[in-house]
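Both of the next two complexes hold chain A, though its partner changes from chain B to chain C.
And now, the complex of A and B:
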């Protein structure tokens, strides 16, 4: 049992190696330092995809390992984006305002600068005063701390309330979905202090980096996203490989039994819930500067459902499955919805994928749930020879014990 | 010959009428007009009133007719003898005259021989006011009501006497009551005797009418004033102390400035502009420009400028406080009589409290109707989720399918009543079939895996929603309700509820009844309860669980379809119709308690009342209301994790 962490988890090394190779390949074909075969916008898409993979890992931790189907993790993702977006928007507006005020003969007072920034930022919602939640927006350090603290605290409070009253299973799923809906509806209001449905925009322009071409910036963000993904993967693999991982898998398979063994089930769940919320928030904080805009529609319940779809298609209960699912489905989705996929003429009707992709996604999702509960990641088992023995009856699913249907009845 | 004859006749008639005209005025009304001839000819708004009054008060039956013709510029005066006639144009040069008293034709006359009375708009409106009294006493009740409406729309002091004269013996009790009420309302505003006015005001205690409030509120209009000391002889509403919630210090000082009792404050922007104008060699008031980046430095520079007399002196906090201390601030009634204002205030207070009671009633009705909508949306879910334990995320899409079915039926059958009657069973059939198909193809493989049922049904929901978008487009489709559902049941000026909401409420009650009947009184209900409690035991009793599950799921889905038609009538039909309700529907079932229809009813009622209550507290923001409602539900679940009505014992399943 004294073998090293990597020896026990060979998939981690493989994953890191693949990720490193991929990053290298993208770098040498980028416009900024390499041949320029990949356009800047495609590198942004790849960078965003890596962030989505990171949040998928968080989702896999909470759903695939701890058995809690959270339909609210994209809310934490979005909150992370909002927190970093506040600083980006404030700092950039401050630079623009200061530059324009510097021409005046009388130098502006600090209050005048703040007022002018407020007018710039909140003009669209008919206001000019900074709401209290913007109190730290002028400091990058504090706002970066908020990226972690705000979603973390929200997850902590919500999780504590939900777990202590023993809300489990589908009830918890619906509750998390309600939380997401409540947050999205709240942010849609103009007086929420985050510019209502306009959201925060212009986030792709880093303050003070106007001279640096977007090609460079996009590559930096791509590297940062790759690094975050690698670290997130390591952290998740480390958590799930040890004793802690055994306990949360135990909770997934039979919560009551773990509780009877003396473990604080609620504590474990709360820890995983909060940790994954923080990971999701960090992924969001990296995602939205690449996307350039964030608005409350990004937090709508459907986003979290898609997250679950990715993880399910990729294969939950294994970290690389989540990554494969998120990358595969989101890239495919981009390909189909951007109109690049060729239409299929049927003679009497032409299938235009922009309209029909969602139908295809919905149906294939049903098919995966029915026929391939292990997802794409299950294919790996065929190569590694880890074919399970033939057992009786259908799979009961990861939250109803490890026995198969007919075994459970015996 | 044929041409000569009429001409000759005309000449003859002229002669005859000329002869008649030389007599004394032929009728009392003509005499009256002749009496006021000078005023009528002058036709000035300032002087005409006695003539109009005389006509109005004459008691002559023809007076109304004369006034109307006069107002319509059809009253003419013959130049020869100054007599007045009604004239009607025959051709551009000839007019037919008619007697003003009898209306009989008098003859034809060339236009040259006539003068038209041309009342200007001012005079015409005065004639109109005089005519009101005649209209108020008209034989036709519709005309009387029309006149009352006109007065109510645009009340004027002269209407009061007209009305008072017209109440008398109106045969229609309802119209008489309305007249009396209007007299009281006009007395409040225009009565000449204070005691009468107070009596009129007090007669409206607790009245719900908007008109009563509209008449009383102007009496209580106040204006905010500031003065060195409290003046005597004014009708004081209240004294205000600066710095209180009603009057902040800044507002108090602004009031002083606008009353010319204190010099205007110089705003930061004005100061900055003044500094900007007085830059001398890179300095303002001996302060270098570079140092002017704080308010304190700017103040110093400005004071230096003020001392030099270049700019008006800056007003500091101390000056402002001193000025405020030296004055009193108060609200003064525009109405001079304290007795009137206090009577109006007490009456308005009683009105407000009874309006409040009725608003609560109105809110209750609103909340009930919202609750019935939630209940309708959730009742299908109460079957599939509550009884069977299947999470169907595509439930919202079944609601949408029902609404679109209604829309399609309306395209085929143009009669709205018939089309709704056809749409209800058809929507049930369509969604029943969809539900059965879904149960057969997907759900039955996942009975042991609730989380995956949730995800698979969500896949179906995504696909169905996009499919609806592809077929019907993204814009909202109308589902028009039949004409007999238009309009609202108005109880009084505060409480009203639209018929469509009543219909939805009734529909919800019917569904409750149907559900209870099926579950408790039919073979199907018995088998459903047996299968949900213990499928294997039920199977060994000869029940086919597969068939029962299929039928139950179809039933729940079918009810969702009917709910879709009802909701479509009330909201617009879009592909997102279902997803708007799905979270609330699940909340309703979960809050109420899974597996119990009464729980669902209670849950819907609670959520409906809660949402309306929060909206009432913060009416401008329905989004916030939804947010707070969801937060409340999350907290509520802390205390009753199994809902309001929790199943106990064996029925609870675990």
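And now, the complex of A and C:
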């Protein structure tokens, strides 16, 4: 039992090695430093996929390990994106405005510059004043802190209210759906201060980096996403491998029993809920500069349901399963919905995948839940030989761990 | 003998049905006590009240030398104060190894932050191995507890309770579904545990209670019907009427 962390969790090393190889392969085929076999837009897609893998790890921690089916984690992901987007928009607009006003006969005062930025950003929603939530938008450091603090605080308050009232199971899922829906509806309003349904745009243009080609920037973000995914995976593996992991899996399997062991179940749930919200927010802060635009539709309830579907298809309760699920389903989804998948003409009707992809996804979700509850990650068990024996026959004892009919006869 | 747990005048009703009716009961340090009674006598509800799962309508439950009220504490606080509970069905964490189950129960700081940074010391491992020895699961230490037999799960749960080092152990029907040999082992475990702490056993089976050789409390319709040695209560006419006579 005294072996090192990696010896006890060989899958972590395998995962890090595969991720490193993948990053290297993408780098040498990129337009920026390699052969150029992969287009810049595809590298952005891959970078975004890595961010989705990171939020899937957060989902797996809260659902697969702690057993809390949160259907609201994409709200934290979106909030992280909004927080970094505020700085990106502010700083870039500030540069454009300063440059255009520099030629004026009278040098502009600081207030005039701020007003001009306000007009530029909020003109689209018929306003020019900065709402209070933009107070820190001029500072990258403070806004980066907001990426962690705003979603973290929201999760802390929401989780505290929900868990101390002992809301569990499907009721908690509904509550988290309501949270993400309420947040999305609020942000859709023009006077919410985040440009209503226009959202924040132009996020792919880093302030002061106009001379740097997007090919380079996309590769930087890809590397940053890969690093964040690796660190997130290590953190999650470390948390789940120790006694803390034991306790949260205990909460998943029998909450009352953990309580009678003297653990404050609510405290643990709140801890995991807040931690995963912060991980989701960091993933979002890396995702949206690559996507270029964020609007309230991104935190609609359906986004969080997709997240749960990825983790379910990939295999919950194992971290690499969540990563495989998110990468596989989101890349497949890109392929189907971007019109690259060939349509199937049936003569009387043509199956157009842009319309039928969601049906396919829904059917696969149902099939995976029914016939392969371990998901894609369960295939790994076939190679490592961890297959439970087929135990035909009825249970002999009162509990499922006891011998079965045929075994007892042998 | 000083009093460890004192339940006085407790009543609780569910939808008008009085599950516990003005129940008074006390138990001292390092005492073994059996509670018997017909179905619906309020045995499990009594345990629910002591462990904080159910709040009584009236009455008081006092604990320890300082006579703290348990009614203001939640389940996990009561467990940390030193009351361990074993359920009727064996409830162990089936997805985790015997070692992990015992490690989780080991008396340690239970706050999330310190559990996160917890790494077992050699003495913790020795303690877990010692416990496994005591409950006869040394060979099974690294098996998943879901693979254990019914009796082994019961022992594992008793081992988890011992690992918690509670001052009071509440045990609900420990012998249910056990073979004769397993019952004897269980009796020995409980008697051994009662040397250093108070143990309350709720049981249906008279033979099992006889083997415990302890004071018996008979519950009926939510209150105490008789109390004393097993021979004494079995001679009591009320007890014969409501319980043994049937």
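By definition in this document, the second predicted complex is superposed on the first by the 389 of 410 C-alpha atoms of A that agree within 3 Å, B and C clash if a C-alpha of one lies under 4 Å from a C-alpha of the other, contacts with A are read in each partner's own complex, and residues count from 1 in each chain.
Here is the rule we go by: a residue touches a chain if its C-beta (ideal position, glycine included) is under 8 Å from a C-beta of that chain, and two chains touch if they have at least 3 such contacts.
From a predicted model like this one, the values you see are computed outputs, not experimental measurements.
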#### Entry: Most chain A residues touched (candidates chain B, chain C)
B
### Message
Applying the document's definition of touch, where does A:363 land relative to chain B and chain C: first, second, both, or neither?
### Response
first
### Query
After lining up the shared chain so the two structures overlap, which partner does A:314 touch, if you call chain B first and chain C second: first, second, both or neither?
neither
### Task
Look at A:47 in the shared chain and tell me whether it touches chain B only, chain C only, both, or neither; answer first, second, both or neither.
neither
### Message
So in the superposed three-chain picture, is A:373 touching just chain B, just chain C, both, or none of them (first/second/both/neither)?
### Response
first
### Query
In the superposed arrangement, does A:271 touch chain B (first), chain C (second), both or neither?
second
### Query
Can you list the residues of chain A that touch chain B in one structure and chain C in the other?
397, 399-400
### Query
What part of chain A is in contact with chain B in the complex they form?
69, 104-111, 158, 161-162, 164-167, 169-171, 173-175, 177-179, 181-183, 185-186, 188-189, 191, 301-302, 305, 308-309, 312, 355-356, 358-359, 361-366, 369-370, 373, 394-397, 399-400, 405
### Task
Name, in rising order, each residue of chain B that touches chain A in their complex.
272, 275-276, 279, 284, 289-290, 292-295, 298, 391, 442, 445-446, 448-452, 454-456, 458-467, 469-470, 579, 583, 586-587, 590, 621, 623-624, 626-627, 630-631, 633-635, 637-639, 641
### Message
Going by the contact rule set out above, which residues of chain C touch chain A in the complex?
### Response
51, 53, 74-76, 79-80, 84-85, 87, 89-91, 93-96, 99-100, 103-105, 110-112, 115-116, 118-120, 125, 145-150, 153, 160, 164, 177
#### Entry: Contact footprint of chain C on chain A as seen in their complex
1, 239, 242-244, 246-247, 249-250, 253-254, 256-257, 259-265, 267-268, 271, 397-403
